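As structure tokens, the structure follows; a few thoughts come after it.
Chain lettering (A, B, C, D, E, F, G and H) follows the sequence in which the chains are written, and residue indices restart at 1 in each chain.
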Amino acid sequence: MTTALALDTRREDRLGFSEAVLCAWKSVPIIEEALAGFQADGKSALLTRLTKEQLSQIQKQYRVQLDYCEISQTAFFGEPETAVYDSVPCVISAGSSDFPVAVEAMRTLEFYGCRSEPFHDIGVAGIWRLEERLTEIRQHGIAIVVAGMDAALVSVIGGLFRGLVIALPTSVGYGVSDNGKTALNASLSSCAPGVVAVNINNGYGAAMAAIRALAIRNG
Amino acid sequence: MTTALALDTRREDRLGFSEAVLCAWKSVPIIEEALAGFQADGKSALLTRLTKEQLSQIQKQYRVQLDYCEISQTAFFGEPETAVYDSVPCVISAGSSDFPVAVEAMRTLEFYGCRSEPFHDIGVAGIWRLEERLTEIRQHGIAIVVAGMDAALVSVIGGLFRGLVIALPTSVGYGVSDNGKTALNASLSSCAPGVVAVNINNGYGAAMAAIRALAIRNG
Amino acid sequence: MTTALALDTRREDRLGFSEAVLCAWKSVPIIEEALAGFQADGKSALLTRLTKEQLSQIQKQYRVQLDYCEISQTAFFGEPETAVYDSVPCVISAGSSDFPVAVEAMRTLEFYGCRSEPFHDIGVAGIWRLEERLTEIRQHGIAIVVAGMDAALVSVIGGLFRGLVIALPTSVGYGVSDNGKTALNASLSSCAPGVVAVNINNGYGAAMAAIRALAIRNG
Amino acid sequence: MTTALALDTRREDRLGFSEAVLCAWKSVPIIEEALAGFQADGKSALLTRLTKEQLSQIQKQYRVQLDYCEISQTAFFGEPETAVYDSVPCVISAGSSDFPVAVEAMRTLEFYGCRSEPFHDIGVAGIWRLEERLTEIRQHGIAIVVAGMDAALVSVIGGLFRGLVIALPTSVGYGVSDNGKTALNASLSSCAPGVVAVNINNGYGAAMAAIRALAIRNG
Amino acid sequence: MTTALALDTRREDRLGFSEAVLCAWKSVPIIEEALAGFQADGKSALLTRLTKEQLSQIQKQYRVQLDYCEISQTAFFGEPETAVYDSVPCVISAGSSDFPVAVEAMRTLEFYGCRSEPFHDIGVAGIWRLEERLTEIRQHGIAIVVAGMDAALVSVIGGLFRGLVIALPTSVGYGVSDNGKTALNASLSSCAPGVVAVNINNGYGAAMAAIRALAIRNG
Amino acid sequence: MTTALALDTRREDRLGFSEAVLCAWKSVPIIEEALAGFQADGKSALLTRLTKEQLSQIQKQYRVQLDYCEISQTAFFGEPETAVYDSVPCVISAGSSDFPVAVEAMRTLEFYGCRSEPFHDIGVAGIWRLEERLTEIRQHGIAIVVAGMDAALVSVIGGLFRGLVIALPTSVGYGVSDNGKTALNASLSSCAPGVVAVNINNGYGAAMAAIRALAIRNG
Amino acid sequence: MTTALALDTRREDRLGFSEAVLCAWKSVPIIEEALAGFQADGKSALLTRLTKEQLSQIQKQYRVQLDYCEISQTAFFGEPETAVYDSVPCVISAGSSDFPVAVEAMRTLEFYGCRSEPFHDIGVAGIWRLEERLTEIRQHGIAIVVAGMDAALVSVIGGLFRGLVIALPTSVGYGVSDNGKTALNASLSSCAPGVVAVNINNGYGAAMAAIRALAIRNG
Amino acid sequence: MTTALALDTRREDRLGFSEAVLCAWKSVPIIEEALAGFQADGKSALLTRLTKEQLSQIQKQYRVQLDYCEISQTAFFGEPETAVYDSVPCVISAGSSDFPVAVEAMRTLEFYGCRSEPFHDIGVAGIWRLEERLTEIRQHGIAIVVAGMDAALVSVIGGLFRGLVIALPTSVGYGVSDNGKTALNASLSSCAPGVVAVNINNGYGAAMAAIRALAIRNG
């Protein structure tokens, strides 16, 4: 049977950033085939949602080349890009349970050559934690706001921060939190103007949106 | 055909407050029959969701006895109770679109002998409006928080106010606001501890919950 | 990488009760970091949704300080507050399957210094069980009603009890019980006036709502 | 273009009861064609969900033969069957808003030759109304329980009545009542054993289920 | 802590059939406590959704008294009732995957003293299998129709069988079968008149509805 | 402001059939602009979901060229194609309420040069109506099955007909029929193999699928 | 009764852009009160979702100052800002039915001093229309992609355009298009990396997100 | 207890293709019984969704006769049909994660005697991959398009390919991808005319639809 894989080798020319591999739903042989392709092309690649179990099954020749982060389940195959952006997005998370998704966003930014600054665990239940750090936050041009449950932090930031606000809803919460759907819907229904959202737990996507927004300067 | 109506004439003895009539889904003759029953018993009654059109069709003998508020679609049949509670719940609404539901809550409180204090249009998109009035708000023992869309105000109040917080979600908003379901789910998923909620647009219910909470003092 | 945790150390001043840690979605190191923080501040803390497996992985120095209840998956870190409330909420559960959630509510009340009285397994399928105990129940000022499936008990209590009724829906039931959503929606749609609800299985939240309601006396 | 209609003229032989016409979604000419067909066959027929407006547009020759009930939007075309069943189902409704759906069920029973006994407006919010009439209700073999919102009455009856309990959920209620879905789901999730349900507002269907159940005696 | 259990020991007097224990969501100690109660009262009992794993953990003194059926996960504690009904419901299942749910219904009927006759695997995809057995089926007064996926069999039976048709939807199917919700909704939307439904996979409930319907003869 | 319209004038070359205009959500000026474009190109066009009210507002110069069918809300602008297919799909509808959607499919086939044969009102509630016509139906190569509510007819046909079965669910039905979603989901969950579906009420789409299937002969 | 309105007069200082009034759910007197407030402050304001009917009821003194666009239901009160941004977002719509939402986005951009360039009716059903204009589109830094139904255009643009892609789903479509939810969910599930979305039909929000993104240059 | 199985042995005569066994939800003994039946009849059979674990438990006498494909979880029992169709459907998949579902479709076609041609991993995120192969694709008469997430590929193909387009949505994706429901709904809402869909992950069904369409030639 023919191979199931066709890498988007032209993405960098077209979009300015290289391909990433979403490892969920992929078998280890397919992941290996992708890595072989990147190696043949002399390219680095980002892997997301790579479980520790998948990692352990990857052939050693590829595995040793992977810089793996267990918290975010991301891996760099080859060298990440050196810093190409001078703007530094901030990544604000509402609770420590949202940490892994926030780290996925930060690792993705890092891979594509963009530094970021974290502001963790400053949910609105204890809003003084946000107030203490607001001046710092307002120095940034982009805020990725990582929140599950009610995602109220998204609207509070949206009302206080003038740059681009990217809501990154997480599946943290139970019952009517509905695996992140309430956080997503609340973000999209935000009373603060011009907030945008990505899919639930999509740290990669939030980071790529920031990369795209930074590309506007040249557009 | 026999009558469709059986008033809960014993509610006051049992629960401490008299019956109210939810006029939506009721024909005018059934509403009139209820009013006749209250009149026969010499009782006052609260009517909710009474449209202007229904009002105009009610027989004059009953209509003249109705103190009607168009904004909230509530009517008092007979005299409301004189003030029986010394505690004064506050009713905080996020936007001016939430005003009618807030007024339904306030009118209900008024009918059952409880004053209330409004704080209108102080949504978190411009959080300074809340900060300006926070000291006043914290004087109260109960806060009914009226909000549609993302209902972020519920969580912000929940993190700053120590008394009972009753979320009253409204159907204000479009798209994924989903006629108030997002506001409700966000309230129930609040990161602030111990917030409770009533059904969407249920100003009557939020007020009755406050009345119940005030009854604890004697419980 | 910086720590993901920022404890809400000012909650007690602000709200009158100290922080609790929802252990679901948290890694053991983050839980330990929180415990270290509470210890450093000389504070007690409540832990909820702490699985037996998580417990077993916590470092011994913290684990020995935890008073763990397996049924409700709650733990007290340090001493609970001595009784500060003279009102005694009752916790009424519909079936023995709802027991763990009811115990979460009772343990939370206990931690914050509030006694409670249980009335277990008195669902409306055999309504005589409720009738037998109704006089006792009506002595209380607050009723937390714990029910899954149809949550019919919430409405029955709501029609017979004059104090605050806090519906605590559970995920007990299958098919269209929909993991507790039917119980929640039925509670919010209750024909009994002024019933409030918390999120599905949120025993902690129901207890905190009771604590908030008891604070009104001073409000 | 050929006609769109093919009457199920053999239903009576097959099932023991004649066809009925659901007039919603049907144009007046199609309804007339059906009536012409029944007339040609010398048969009576039941029409359901026939609006007053549709009725007024039906040709006079058919309209004068219709015994129309505006509350339930049902009409008898020709004579209903004379009483063929000696059992008398009871129809219990929770609130006066549920009255029209209850009447649809009763009119359907009447058309097919079955008497019924109504118990209206005895929802569990004021459960004494049910208690007063329970002995009477327990005389019957079948109870059709008509309820919207939380449909708690279904479970209460289900726990007290030994015959067949047919839940007939209605769309009465707002917000999370969800046009009757909560009432339906609560009925299907009932803690009382062996309760069955029909579709929302399907008074016709509940009555036909009773007719089917009465046919068992001969089965 | 007090016990979580209060058996409905008066159910048989009230409803004519004894209590059953839904073992899902129950801990083994609670199940044992229930068995001890039944033993103390000298009563038999039906257990449903008792997994093999739960069974193996039950104390031997109770376990030896259990007549367990693994396919349907039901157990009889003590003797089932001797046949008390002369009517014999039929249980028609659409596919062999629906078999376990069908057996739960049949075992429940057996426990309460009612024989039943199975017609298995006669879904409408090969409708000749139904046609071959239709005459036999039509001998019965009650048909429990067990079907997942599209539940088309329910409507076909509903159009050919004059007695009570109880739809018993199953969770068989994937994608938009939605764990049985499509089968349930299709049953409730049936084009055949007077079909009733129970919750998804609720074999016990379908059987109890049949028992209730058989009680009408005496009603 | 620039025009909002860009006709897909190359569709015929690309796909073998010309463009159609879905008139719902379009203003009359935009529809007119489309018609002007077709006229300028000397092309015929199909209009779907054109209400009588929209029709009456279209400028006379275009309106007189429209062959309008009120039942299906379709119009032919210019001449339909002369018969280009020798295969004749059949269009089978379950009830007379499904008639308008069935006619939309037939009119679309007619416009694109394909005859069709209707089989109306032969739902499975009275399955003899189908049996009588089955031999005829089986002469055809494609069956478009138009059904709302439970859509059981789709599965019955799917089990008896060997050609392509295109389920065309309609929004006929109330309550859990859910505006056609139950009919659609039941069709997609069909126990009959290889049934395909189009969107709810999409008579145009079902016809175009048939046109596509007929193109295979040349493919 | 006190006023329901509290304008966020400090928004411009805080966020860099002035307040807008969402007129849906607002009564005409509240809209007038807002306009009076803006006038008193000497400020311009944007009004969105202002129906023609609301407009006609606004007092003449305010109405004459409104520059109203009927297609997009937007109005400028006072002068819009003169061009402050040198970047020109493009607004790409999939079909002519999406035109009104696209215009809301463009009018919002215009009010806040940002030009935009439209690319209308270039949906992927006739993808040559996109190919013809791709070079032009790629000149821009931000693309607002307006699409209902399947929103496939969002992913196609996302794969070909390197700048910020803001999906603006519309409620165009029927059946499972679900009033825009499918378009929204497809956008959020896009296979193209880094696409962000706003709420359904939220042309205002998409434009404000663009304004925020343009603010990054200074951030 | 009687057997639960009744094979549809007449399917081949009726529909032109033999029965297949969906092994999910079936116990191993029931699968063995089916295999014994096929063997007794001297027939081949297709098994779908047969897990490796089920396979290992099947009695060796049957297991050795199974040609098993682990990727697609399909097995041939006995010989597949020799090629009976001269048309060759193509199977186009959007990503390598969709591979297993695509292979289920191809294996099914193979079993029923139909060759197929795969085009893998050509999703629209890198649309040049599709453009490169479009001429080849357009040689085919039927395209099965396998896609999860946004399923945008379905619409792109639908706009470029004139034959029958069968959308085969997969459950690949997270968050609002909703286990394939977004891909399904987007396919059904496609802006391309005449696209049809099968249930999520139903590779078998897509293949059988192709087989049915190929039967039209003889119809």
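The rule is simple: a contact is a pair of C-beta atoms (placed from the backbone, for glycine too) under 8 Å apart; a residue touches a chain by one contact, two chains touch by 3 or more.
Model, not experiment: these values are computed from the prediction.
A.B. asks: Can you list every chain that touches chain D and also touches chain E?
C.D. replies: C, F
A.B. asks: Taking F-G as the reference interface, identify its repeat among D-E, A-B or B-G, namely the pair sharing over half of the contact pairs by residue number.
C.D. replies: B-G
A.B. asks: Indicate the whole-number Å distance between the mean C-alpha point of chain E and the mean C-alpha point of chain H.
C.D. replies: Those two chain centres are 35 Å apart.
A.B. asks: Taking each chain's centre as the mean position of its Cα atoms, how many Å separate chain B from chain H?
C.D. replies: 55
A.B. asks: State, to the nearest whole Å, the distance from the C-alpha centre of chain C to the C-alpha centre of chain G.
C.D. replies: Once rounded, the distance between the two centres reads 44 Å.
A.B. asks: What are the residues of chain B that contact at least two other chains?
C.D. replies: Where chain B meets two or more other chains at a single residue, that happens at 14, 125-126, 159-160, 175-177, 184, 188-189, 193, 199.
A.B. asks: Can you tell me which positions in chain E touch chain D when the two form their complex?
C.D. replies: 14-17, 20, 87, 139-142, 159-166, 184, 188-189, 193-199, 204-205, 207-219
A.B. asks: What part of chain G is in contact with chain B in the complex they form?
C.D. replies: 1-6, 8, 10-11, 14, 22, 24-26, 30, 34, 169, 171, 179-181, 184, 199-202
A.B. asks: Name, in rising order, each residue of chain D that touches chain C in their complex.
C.D. replies: 94-95, 123-127, 149-152, 154-156, 158-160, 173, 175-178, 182-193
A.B. asks: Flag every residue of chain C that touches chain E in the complex, lowest number first.
C.D. replies: Residue positions touching the partner: 93, 96-97, 99, 102-103, 118, 120-122, 125-126, 128-129, 148, 172, 174-177.
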